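Got some structures for you, see below.
First chain A sits with chain B, and in the next complex the same chain sits with chain C.
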Partner chain A sequence: MSTQATASIFARAPAPGFSDPVHNAQSVFRAAMNAMAQPGTIQQLSDLALTPPAPLSVSATALVLTLCDYDTPLWLDADLAANDVVKNYIRFHTAAPFVESPAEASFALVANTKRLPAIASFAAGTSEYPDRSTTIILMVEDLKTGQGVTLQGPGIKTEKQFSVSPTPPVFWQQMQDNSRLFPLGVDVIFASDHQLAGIPRSSQISGLEA
Partner chain B sequence: MTASSLKEHSPEVTARQSAMSILTKAPPQDLAVAWANLSYEPEHTVIRPAETGLVMVRGRTGGTGAPFNMCEATITRCVIALEDGTTGFGQALGRDKQKVLRAALVDALWQQPEHRSTIEEKILQPLADLQEQAESKTRAEVAATKVDFFTMVRGE
Partner chain C sequence: MTNLIEAQDISGEHYNFAYLDEQTKRMIRRAILKGIAIPGYQVPFAAREMPMPYGWGTGGVQVTAAVIGKDDCLKMIDQGSDDTTNAVALRNFFVETTGVGTTTKTKDASIIQTRHRIPEETLTKDQVLVYQVPIPEPLRFLEPRETETRKMHALEEYGLMHVKLYEDIAKFGHIATAYAYPVMVQGRYVMDPSPTPKFDNPKMDQMEALQLFGAGREKRIYAIPPHTNVVSLDFEDHPFEVTKFEQPCAICGAENVYLDEVILDNDGNRMFVCSDSDFCEDRRAAGHVGLLGTNPLDADKTTEEAE
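== the complex of A and B ==
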């Protein structure tokens, strides 16, 4: 490693992570767990003094810092993958390896929904190990407006209305295909500024406008 | 890190490694005294708060055998950034958070050309001297108990 390379790596400091790593990570994990256990419900994340580099949002960054470590390959969308500040930040705080192929990822972080590849291109797990699938962390603007769908399935008493914006045009059709793969398939966590919601592979999605 | 990449380290990296090694090995009270002598509290941001964890210590029988996991050791690490973005890393065996924070600050200041000579003179050199003294004391104590075993060579 040359002096110049060393200097450039260490010259710009990454932004701080969690101020209280154990308790912050626990509260974010609880929110993520509840989001998955009760699909479509909105979980609030509060009291996180995170200052992630743009374009990362506080909630998406909190999820990455909580869930990723050196054991979880992380896939970044094309915009994030080209952003060295973001990559240095995530690498410094989580040590997660970055992968080129969505199929190799344990987690995928997508800042721009337009950059979301086909959901089928992510790892859906195998029949022996359905857990070896990708969890997609999708940064969205809000969890109130946008194209609405109806969710049914485990964790939902009758049915649950859910809307999120923005979503790519064919997103919900792909999510329907994804839920047909059960027990295989990917899980999605939507992260707006300070809110989370989850749709696991077990949720049945209906009510799409034709 | 492979052996070949270790060899490629520039003098700058080697010098920083030996500075960090002195900080890591220094007893907390010695570092506290040296830090107080510096009487300088730089503005800094903690980017990774001091945290205690475990590392696996691996060994090789006789230095050449197959590696095996020997034990886990408690370490504490901390990373800070000075105002100009210089990052300082501190880590040491044990759970003394104050010590690794000071070690990280010293490491960051050492990287700044305007502070390096002061740090070398007021912190690193005194600590290195203390470590050298402690080591030669141990060596002398061990040498005093040395026993030479003689066996008669049988005339076969």
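== the complex of A and C ==
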């Protein structure tokens, strides 16, 4: 095989996944677990040598590699769904089937918050199986505590101030409606560059900014 | 004659870290996240066969295996004790398959897997408590059909459980359930706290540590996040009462802790000692001594030395 042909194969091959699949997945899961167990707290991801294709961030990619496989229908936002490099990368590393309808998804990956459809369009589970719901992995630029909306509920001692940017204008209103569905509803994991935070359906949200 | 089957090296390094394959861990991890998001709700999961019999804590082991990392420090207890069969067997299982450090000190552990007790020492936010659960469904002995109990949870139809507690009162004059005492989690799901003595129920309320429950044979995982309301079911005129002991621990003199009864001889003599062995050792090290706290052999030695 000529060097030129080899080079072109490598050019088309998906970028590598975790450098240490077992322990990287474990540490990312622990961060995600703590994010869900302590809503509105920011969890740092340890250094991951991930080089996902744009526009995927390291943390969002790490979550997908940690949680998704052939058992988890994955919904991608419109930009990602049109991006073959991203789809090839996820398909190669996780074998997760892509679904067109958000209501069929176990996980939803949203790179651009403007592309986030109504939260109610995702699966909220059934009253007998509230676990059959979508977990949204939402890529954001910035996570902050001590300002923004107020969270209360399981995992929070009294209350917690939390903000993410950017968020679409109706986002928090929809999240509030989502938590009223408890025990049904979707759970959201926010992923900034190297940080995670979670808001499960059990969190009550108040103090929406005007 | 040659050996047809050569001796094989079956040491731990041939297993994946923490025994389970990665796909299984992902499946369990997803169930744990769902369990945390819906406190008290039993998430079905595809429990695997484990290299130990059902009833030995296969559910707890799978949860721990999905959570544990190489920097964790593991404490394993069985009825409060670090050195009973189940605890020793499962601790060695994780030592062999993960190589993590282990401890008997409650405060040094990052993950505590337990069979039927909650440590006496207050747990902190950096700790995870993993329970081994035999029957996760609190309504199972009242309604054997899973389809029905699922509906009852969906509709918050928990009248049957109150009838059961009421029948206790009608028969015995008090709520006679002493372990696996049902709790209401965050005002929504009635949950079985696993067969912990009801003495431990108040510790679950607003606990700082994350509590994860694994039932291997019944294939269910559930969770209580930190700072979650956990209320033991009761009636206004028959409020929930914590077990009280008439005497302190015979070895360390501790009061307001859970005690085990130990038969001493054939004449019916007995003593009550801390069920939490680490807690008892700590108190002994700090100089607390109970009624029978001195070792008879030590007494002999002192006498010999004196002689």
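Going forward, the second predicted complex is superposed on the first by the 195 of 210 C-alpha atoms of A that agree within 3 Å, B and C clash if a C-alpha of one lies under 4 Å from a C-alpha of the other, contacts with A are read in each partner's own complex, and residues count from 1 in each chain.
Note that contacts are C-beta pairs under 8 Å (C-beta built on N, C-alpha and C of every residue); 3 or more make two chains touch, one makes a residue touch a chain.
In this text the structure is predicted, and so the values were computed from the model without any measurement.
In the superposed pair of complexes, A:D187 makes contact with chain C only, with no contact to chain B.
Look at A:A124: by the touch rule set out above, it reaches neither chain B nor chain C.
Legend: residue contacts after superposition of the two complexes on their common chain; A:L151 is shown touching neither chain B nor chain C. Of the two partners chain B and chain C, it is C that touches the larger number of chain A residues. Once chain A of one complex is fitted onto chain A of the other, the partner contacts of A:G17 are limited to chain B, with no touch recorded for chain C.
In the superposition on chain A, A:H93 contacts chain B only, with no contact to chain C. Touched by chain B in one complex and by chain C in the other are residues 21 of chain A. Every residue of chain B that touches chain A in the complex is listed here, in rising order: 5, 8-10, 12-13, 45-49, 51, 79, 81, 85-87, 111.
Put simply, chain A touches chain C in their complex at residues 21-23, 25-27, 29-30, 32-34, 36-38, 66-69, 71-72, 106, 126-131, 133, 135, 153-157, 182-183, 187, 200-202. Considering their complex, residues 1-3, 6, 10-17, 19-21, 92-93 of chain A touch chain B. By the touch criterion stated above, chain C contacts chain A in their complex at residues 16-17, 22-23, 25-27, 29-39, 41, 43-44, 66-70, 125, 150-151, 153-155, 186, 188-189, 210, 223-228.
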